[in-house]
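When the chains are written out, they are named A, B, C and D in that same order, and each has its own residue count from 1.
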Amino acid sequence: MSLRWRQLKESDFVYYFFRDPVAYVSFAILLVLVISAFGAPLFAPHDPYDQTTIDIMDSELPPAWKDEGTAKFLLGTDDMGRDMFSTMLYGMRISIIIGLGAVALQAFIGIIIGLLSGYIKRFDTILMRIADVQLSFSTYMIAIFIGATCQMMFGVANYEKIAAPLLILIIGLAEWPQYARTVRASVLAERKKEYVEAARVIGLSKIRIMWRHILPNTLSPVLVISTVQVANAIMSEAALSFLGLGMPQSKPSLGSLITAGFEYIFSGTWWITIFPGILLVLLILVINLLGDWVRDYLNPKLYKG
Amino acid sequence: MKKGIESMKTDVLVSIRNLVKYFDISGGWLEQLRFTGGRISRQEVIVKAVNDISFDILKGETVAVVGESGCGKSTLARTVMSLYPPNSGEIYYQDKRIDQLSEKQLKYYRTRMQMIFQDPYASLNPRMTVEDILSEPIHFHHPSMTREQVKEKIIKVMKQVGIDPDWQDRFPHEFSGGQRQRISIARALTLDPDFIVADEPIAALDVSIQAQILNLLMDLQQENDLTYLFISHDLSVVEHISNKVAVMYLGSLCEFGETEHLFSNPNHPYTQALLSAIPKLGQRFSHTRLPGDVPTPINLPPGCVFHTRCPYAREICFRQVPQLIKEDGKTAVACHGAAEGWLK
Amino acid sequence: MFAFTVRRIAQGLIVMVVISFIGFAIKHNFGDPVRELVGERVTPVERAQIRQQLGLNDPFLMQYGRFLNDALHGDLGRSYFFKKPVTEVIMSKAPATLELVFCASLIVIFLSIPLGIYSAIHPKNIWSRIIMSGSILGVSMPVFLTAILLIYIFSVELGWLPSFGRGETVKLFGFWNSGMLTKDGLLHLIMPSIALSSIMLPLFIRLIRSEMMEVLESEYVKYAWAKGIKAKRVWYVHAFKNTLLPVITVGGVQLGIMVAFTILTETVFQWQGMGSMFIQSVERADTALMVSYIVVVGFIFVVVNTIVDIIYGLVNPTVRVTGRK
Amino acid sequence: MSTLLSISRLNVDFALRKSTLRAINDVSLTIEEGERLGVVGESGAGKSVLGFSIIQLISKPGFIASGEIQFQGKNLASCTYEEMRSIRGNQISMIFQDPMMTLNPVLTIGSQMRETLQAHRQISTAEADRICIEKLKKVYIPSSEKRLKQFPHEFSGGMRQRIVIAISLLTDPSLIIADEPTTALDVTIQAEILDLMLELCESDNMGLMLITHDLAVVSQVTQRIAVMYAGTIVELGSTALITRDPQHPYTVGLLGALPQRAARSKRLNQIPGVMPGLAKIPPGCPFSNRCSLVEAICRSTRPALETKQSGIQVACHMVK
């Protein structure tokens, strides 16, 4: 244990990480954001889901430093009278959960399909054609289509009830080709290498070679795209919510908060949109910055399928 | 079969008979479309990597396969190792036919035949420690062996190839190219094989390291009673290490025979050109120029594959594929000129 | 090259068939053509009759074949909401979207290439750092948020630019409503085009930069330096020509994707194009219109991709001569 | 004969994140006009860096720390960018290792040849084409006129290397630096290319710096050899003398390791260990940790390159 710890401490990864201010500052901000999102019930001064504590008379109050603001609501309130700060924390939690869930699903589908089509020629053509079509269609588009279809299937009311798992499913189904292509390309590159032939000469089975030899060597590019994909999934969720295909106003994500505020922006009530907007951009930005850093550090050739 | 090849003897370890290996690289049917002469046609693109090759490898000897890049020598090695199924022809290991066996039936032969690869950087899995790399074959083929026995075996092979057994937990990237090649050799030795295919084992190494690895291979052959199929493009290395040489050109065997005899008395015009091109220390060149370039293995020339570049080619060479014929009892040559006596 | 082109077009056709099949499957399962045709106030008996007449009880594949045949003749069904043939509705909305995409593409192409090249040639320069920081911020900004911010700053706070609609338009060739010929129309185009290009532009800059930096490391660029060639020629001829190849492939696809982003932009700016029409058709459960949008957008993507592939083939001598990618 | 290139006390450093490493350590050598010099060493010995430092194209993060490179009355180490550009590809041409990678895949052979001429001379396109065709003929490329319109992928590896050689001849340079020009080629092609280079150097009285790991190749083409080890020259002298009777223990070992020199099927003479990386070069003689003749002085004092009894310059305390 202590040996592992020391190895980690002495590794290049840690060394370069602490040498790069962009990397550790981004990481620190991300850490704060994630902790405050998941600790929302502890940190938030108000509970936006508890109808009894919300007073419609408090609606559209500006931030505390404005003349009409009150200290009770630091960043003001939204159109329903919910405390912006608390609602944003809860909203960020939903955004992050959906983002991570969707990426887990994409990665699961994508890695399996990528491995299969990279190693078994028969699957390859058809699976990659599907992935190509889906990618050339843009993942947003697919997500919007699936979302629209789901909404028609379930009806608006039912859709809103199961919005969170449904969004994970929609974004996951829309974006798996990214993973599949990355994994496939790196499987194709790895399986040409002689260590795979060496494993075959030993007589190991295909499944074992795939699992023990090829998969571990495709993980660097997977890790690199994972960070970017989390950012993309959060963005997709926000876009879907903005179009009314995402989280309902009663349980808003950052995206649906921005949507709700958009109607009021012309009347000068900017804070309902701008604050969640800044938080959303900050969240995505730090993830992207970390993703860039990880990519530069690992520097895998992100194989262009 | 053919007169040129010795009939099977008991001391034949591996025998290759009329081996043919083609690769279809035409892709899907849309990729096969061609537009020629005003009409659309479908065309398969087939690389004829190995064409009808036969020779025997006797127990304890080193047979080298030489040829320029793209001549099919590596494909031959991999087909012999059952990494590729041959399109036709047979491979025998101690008189047992092994080219049509399933992976399960092959399991025993996998312990008898092992392989060493060219690129010391690609041939070791970068995510496995030396111990993992060396123990994997043992665990797979001898699951009943205890942890201690496996450990003992690993230490033994590591010592044999000259790697400090204390370095078992290290990863491949912590070793130099020469050391990695030693580990790669150690992996081949863990199963105590009789027969090792070495595919350009020293091509990627520096001169002083090449000598170390060649010496190691020769030592191991003595200690472990090994038989080698040694693939190389470096003729001076081949001359040094092998008992017999097979010269390949464009997927075909040009000449096969005892090293000393073949080097001092090459019969095939291609062998002659190849030998004359070896840079020799302190001598000016006197090489035979070959006109033109090597044709692609996709469109093999008819007749003798070498006729497009052969300075002696005659009419028969354009039509008829020459057979491998043993002329003087020592080397077998596939050349009409040599067979009919008009070459020289 | 000919065979290559044939291949690309054939692949495009296959994709179109798949898209139309998916589109039809959605329509078949969720749409109600009877309602689209005659509305809700019809007795069940009449309803069943109409169903029979329309062939809605036929096997799925037969109906699909009919759908395909109709689509090939330009008939994609009737919109329930607009009470008009879908083709007509889409034709009236398409110019708005296409003009928007066109302007945004111009912004992307004319800004990304110089900025990308500059930051690749001088990676450590302060301007390159600013470009790169700006582009990562741009990549992290959702399109609709950029649009909202633009409206807030330039319409609400400063009052310089109009915040919604297309403004004054001129009818061209009898069907094309163009906003690009009047001052008002152009003013209305500014913010939506910027918003639409806001995510593509940084992506393109990053793409061009990384591809170009890779090319600058290549052996042949080093050889060009060793030949004593002037820096400008090395950068703009040797390096940039090779950068173009991957950028064309990825870039073409991305320009197609821009059509998808019009949905978001058009919604924010209440731009009367195909994107906002699509979202409205989803809200109104106007299945025929929605499915037609999918098919039309799919068609645009396929056409763009095919053209891009063919251009790639023309630019790349390896493909041009051998016909293999 | 007068001196064409004279390198004196050249040091090249690589600036890494944590430290600076010396890749070329105190190297001095000369090339006379029309002379062919071979630079031999294993990978990492610094021979390529030496070649690139002459034309000031060391890959980042390498830079010339000190020393002079005198070429036709100019010190290349202190030339301005523009001065250097007008020398590269003009008076000094370079031939790279892998002909598959050195030619730009999207430009025709003609435009890649023409641009070289036009970068250094004020000439018309027609005149440039005439010179290009003339040089292509010189390297035995048939139907040269047609070739100018073709792209690199339409040529085989050997043909491409001929084209690269033709490009290097365009401006009639007085020095060609060839960095492993035949390593990526097959033996038969290698022999042809070397033969061609030798012929051209002799007919045009060009200087050649042939950088390679292959002693046999060097011995066939060059008049003098510089043997490099870990960033320094350990032995420098006439090719005939060194191949016949090498002095430095490293050269002795290297020649002994060649299968050509050994009896068939007998063990080769091997040098134990590996060449140290730049960060791990021992103090004193860089070869001391692998040398069989090593004594105390070798571990403490760096030997200088001196002319010994044999007439060869050797950097070794033990050689008289």
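Keep this in mind: a contact is a pair of C-beta atoms (placed from the backbone, for glycine too) under 8 Å apart; a residue touches a chain by one contact, two chains touch by 3 or more.
Because the structure is a prediction, the values reported are computed rather than measured.
Undergrad: Listed by label, which chains are in contact with chain A and with chain D?
TA: Intersection of chain A and chain D contact lists gives B, C.
Undergrad: Pick out whichever of the two, C-D or A-C, is joined by more C-beta pairs in contact.
TA: Result of the comparison of A-C and C-D: A-C.
Undergrad: If you average the Cα atoms of chain A and of chain C to get two centres, how far apart are those centres in Å?
TA: Those two chain centres are 24 Å apart.
Undergrad: Counting in whole Å, what is the centre-to-centre distance of chain A and chain B, each centre being its mean C-alpha position?
TA: 50
Undergrad: Which bits of chain C are touching chain D when the two form their complex?
TA: Interface residues on chain C, with respect to chain D: 218-230, 233, 237-238, 241-242, 245, 315-318, 321-322.
Undergrad: Enumerate the contact residues on chain A facing chain C in the complex.
TA: Answer in residue numbers: 129, 133, 135-138, 140-141, 144-145, 148-149, 151-153, 231, 235, 238-239, 242-245, 255, 258, 262, 265-266, 268, 270, 273-274, 277, 280-281, 284-285, 288-289, 292, 304.
Undergrad: Within their complex, state which residues of chain B touch chain A.
TA: For this pair, the touching residues of chain B are 28, 78, 81, 83, 103, 106-107, 110, 113-115, 117-119, 122-127, 136-137, 140-141, 184, 187, 191.
Undergrad: Where on chain A is chain B touching in the complex?
TA: Chain A residues touching chain B: 125, 193-195, 197-205, 213, 216-217.
Undergrad: Quick one: which bits of chain B touch chain D in the complex? Just the residue numbers, please.
TA: Result: residues 68-69, 176, 178-179, 206-212, 214-215, 218-219, 233, 235-237, 239-241, 259-260, 273-274, 276-285, 287, 289-290, 293-294 of chain B touch chain D.
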